[in-house]
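Structures given as structure tokens follow.
The two complexes that follow have chain A in common; it is paired with chain B in the first and with chain C in the second.
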Partner chain A sequence: MPNIGLINTVADIGLLAMLAATAVLMMRSQSPLTITILSGIYSLIMCTLFVVLDAVDVAFTEAAVGVGIASILILCVIKHKDEPNLQSAWPSGLSICLGLGVGVLAVLGTADMAMYGDPLAPVHQHLAPRFLGQSPQETGIPNVVTSVLASYRGYDTLGEVVVIFTAGIAVLLLLAGETRADGSGQHKVLTFPAGHSELIANPVLKMVLSRIIPIVILFALYVQFHGDYGPGGGFQAGVIFGAGLITYGLLCGPGKLPGLISEKGVITGMALGVLLYGAVGVSALICGGDFLDYSVLSDSQTAGQHLGIFLIELGVGMTVASTMVSLFISFNRDWG
Partner chain B sequence: MMTLIGGGLLCIGACVVLSGAVGLLRLPDFFCRLHGAGVIDTLGAGLVILAMLFLSGSIIIAFKVVMIGVLLFILSPVTSHALARAALQSGLTVRADRTENRQTTGRD
Partner chain C sequence: MSVAGDGMAVPGLLNYWVAVGVLVCGLIMVVDSRNMVKKLIGLNLFQSAVFLIFITMGKVSNGSAPILDPAVSTYSNPLPHVLILTAIVVGVATTALGLALVVRIRRAYGTIYEDEIADKPQVEPEIIP
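Now for the complex of A and B:
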């Protein structure tokens, strides 16, 4: 293909301009609803930029979380709370100075950064040659991103899963506290206001989405189990799975979701994923290796790596998907 | 030959998307604007997908493009429908002509 670099540059400039325009519109807008929709659009443009940068797995996550789940959660809040009165005044002199100052510092900081795609950049000199050169032999997995994420940097990923778990628990605790203070039952699920139940009763949506959601779930499983070979893995699969279930919740009312997956089951899933990850690490210890050193888990090194990476990706997927669904369920409880 | 057909379809698709965008900005009320958006979603995206099909060059990519096309073909009209229905139910009126506002109900 001729001039692919030029096309990429034009696409980058156009997308970044749209990104900036969306950000300015978000600052100037007064209605929380508009801001939510605009932030969804912002995420969608980011998602396209990630595809241009060849980071398809990041784009998956951005599309599912940024465009889908985050927008839905914020819309749930807007639906249940009185619309706050946002005033859009021009910022004061101090905040303009502060913002510009930080912006100038950030731009100056980029002056020391290596050019995008520069093979001589320090980050590409240190460990990257080893990952790129050795990982197919050491782990037997063609997708270097997966082997770096799950094997070489297993500690980091364990930390990320724990962060997601902790954040989910924190949100659940905050919302549960509010429910109890209200005195109403903890498992009370909100019935939607009249306008919303009309959406639920929409036969066209119901007919089409009930056929699309299984495909979304199937795609999530594909992303989960094909992560060794193509872009994807536990995080991406988890959010896609969660987004599919949340769509079902929107379609049939969040009250139907606890019938499909109990709230307790979802919270157990959050904990089980982290536990599975940790258990793989500990069993590596028991088998005589280091913590999270999967090579000792099976007869050969690559088989052990395969097994370990498969299991920890499964743990990541479980935690992420359960966290997303439990957030949706708890956001739709009756807050009083 | 494939490149030529693909490029031609891409150009027509771009024109359709552009006209849809102009319609989205210029048409008088919500439902007319929705028509503009619908044109982009269905005909515009459809033509671009068809162009991609001609430009893809390999069976695997062509299959993926077809899958995207099928999803778009199903989902785009549904989104337009859901938007229009939501607008009707939240009490937006359909303008029959420039002078008269006609109140319609959600169900026919």
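Now for the complex of A and C:
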């Protein structure tokens, strides 16, 4: 049997080295395009590191968000004219001094942290044993991350969903399409990213992307509905689903996405997800339990938990997917 | 120290130190850069260093991903995973908000470089629809 611990350690150190190198390159580079691409690479290394650290659900999210959505959103914003003549440079001495000062203090602070992987660390002594030990009886769901996210910390997750919804609404307000008196100018869409029209004319790219999109959507549905038993859940599925639709938007060129999914529909989806989540909470109240206590929703406790978690994950998925698509549509308007 | 080389001695606090290094890079990007898009990416870098610290705290040697299975007895701590999972998605939503502000600033001043904004008049007056 191979020595898992040793492989783990080697992978951890190797990935950390790559992570640090990418971060330094990002800091030195002056070109927004280079930094965006490096930030995608950084996220890819980070999500591999999360797998090494056993955080498979987090790795999933980081892969979809960091590599996919974040890069596309930044690419929508930067333009050719932002490219400086200078490609890379060290930051000024003053900023480096400030950074080093903070860094030294933080490293001194880590002296109190537990060693890597120490099972006796304080962080593992209180809540985790309860979640790992009781959740099979209390929620009946094998993926503890899902049961903590959706059930034990349901309030917290509701708050996060509302934050995402609010950020989506704020972006819509900031980048709303101008509506003139005659109703024109509503769907002014543009050229994303610079040189995009040549990109979609490439037959190989078009062929490959059009085959990938249905698989991405199918995978998103699997992640959504299998999140109770394996890695996955509403957040990951929502981002992957959104990425699939955004890929379609990139493939078909500007203006086509609103044809497939109307902007109004996307905004409705954002709101419906939050409403579904809240409605599950209120139903629990009506059935005689506490807010977001799913146990009362069905005959047995675990059946109720299953139903509640399924519904709120669906709400999370709807809000996240709609918000991602809505962000893409907003950033895709022509702002000159 | 156990025999199986369970990886406790070697990484030690290295994960935290690298995370601090990344955090410093992010901080320097925020403070030093004139380009507002680069500042936002620096902020993301800073944030992601904190994620790494949290996830490292959750790791248990020879543990498995926290998906219950009768064949497995040691699991890593699921709680940091939950906190960071939601934080990543919230992070991208707030980054998008920052980028939207950059787009509006570019529209008003014609640049995304801070120092150019300071000495430029507004290219286009603010339109309130």
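The rule we apply is simple: the second predicted complex is superposed on the first by the 304 of 336 C-alpha atoms of A that agree within 3 Å, B and C clash if a C-alpha of one lies under 4 Å from a C-alpha of the other, contacts with A are read in each partner's own complex, and residues count from 1 in each chain.
In this section, contacts are C-beta pairs under 8 Å (C-beta built on N, C-alpha and C of every residue); 3 or more make two chains touch, one makes a residue touch a chain.
Bear in mind that the values here come from a model prediction, so they are computed numbers and not experimental data.
**Q** Under the stated touch criterion, which partner chain does A:Ala321 make contact with: chain B (first), chain C (second), both, or neither?
**A** In the superposition, A:Ala321 contacts neither chain B nor chain C.
**Q** Who does A:Leu49 touch here: chain B (first), chain C (second), both, or neither?
**A** It touches chain C, and chain B stays clear.
**Q** Tell me the contact category for A:Gly168 with respect to chain B and chain C: first, second, both or neither.
**A** In the superposition, A:Gly168 contacts chain C only.
**Q** Touching A:Asn202, do we find chain B (first), chain C (second), both, or neither?
**A** Touch partner of A:Asn202: chain B, not chain C.
**Q** Go through the superposed model and pick first if A:Val266 touches only chain B, second if only chain C, both, or neither.
**A** So A:Val266 meets neither chain B nor chain C here.
**Q** For a test of understanding, state which residues of chain A touch chain C in their complex under the given definition.
**A** Chain A reaches chain C through residues 3-6, 8-9, 12-13, 16, 19-20, 23-24, 26-27, 30, 32, 35-36, 39, 42-43, 46, 49-50, 53-58, 61-62, 65-66, 69-70, 73-74, 76-78, 82, 84, 91-92, 95-96, 98-100, 102-103, 106-107, 110-111, 113-119, 121, 123-124, 127-128, 131-132, 135-136, 142-145, 148-149, 153, 156-157, 160, 163-164, 167-168, 170-171, 174-176, 178-179, 229-231, 233, 235-236, 238-239, 320, 323, 327, 330-331, 335-336.
**Q** What does chain A use to touch chain B in their complex?
**A** Listed in rising order, the residues of chain A that touch chain B are 195, 198-199, 202, 204-205, 208-209, 212.
**Q** What part of chain C is in contact with chain A in the complex they form?
**A** Going through chain C, the ones touching chain A are 4-18, 20-29, 31-33, 35, 37-38, 40-42, 44-45, 48, 51-52, 55-69, 74-82, 84-97, 99-104, 106-107, 112, 127, 129.
**Q** Taking the touch rule as given, give the residues of chain B at its contact with chain A in the complex, in rising order.
**A** Where chain B meets chain A, its residues are 71, 74-75, 78, 81-82, 85-86, 89-90, 106.
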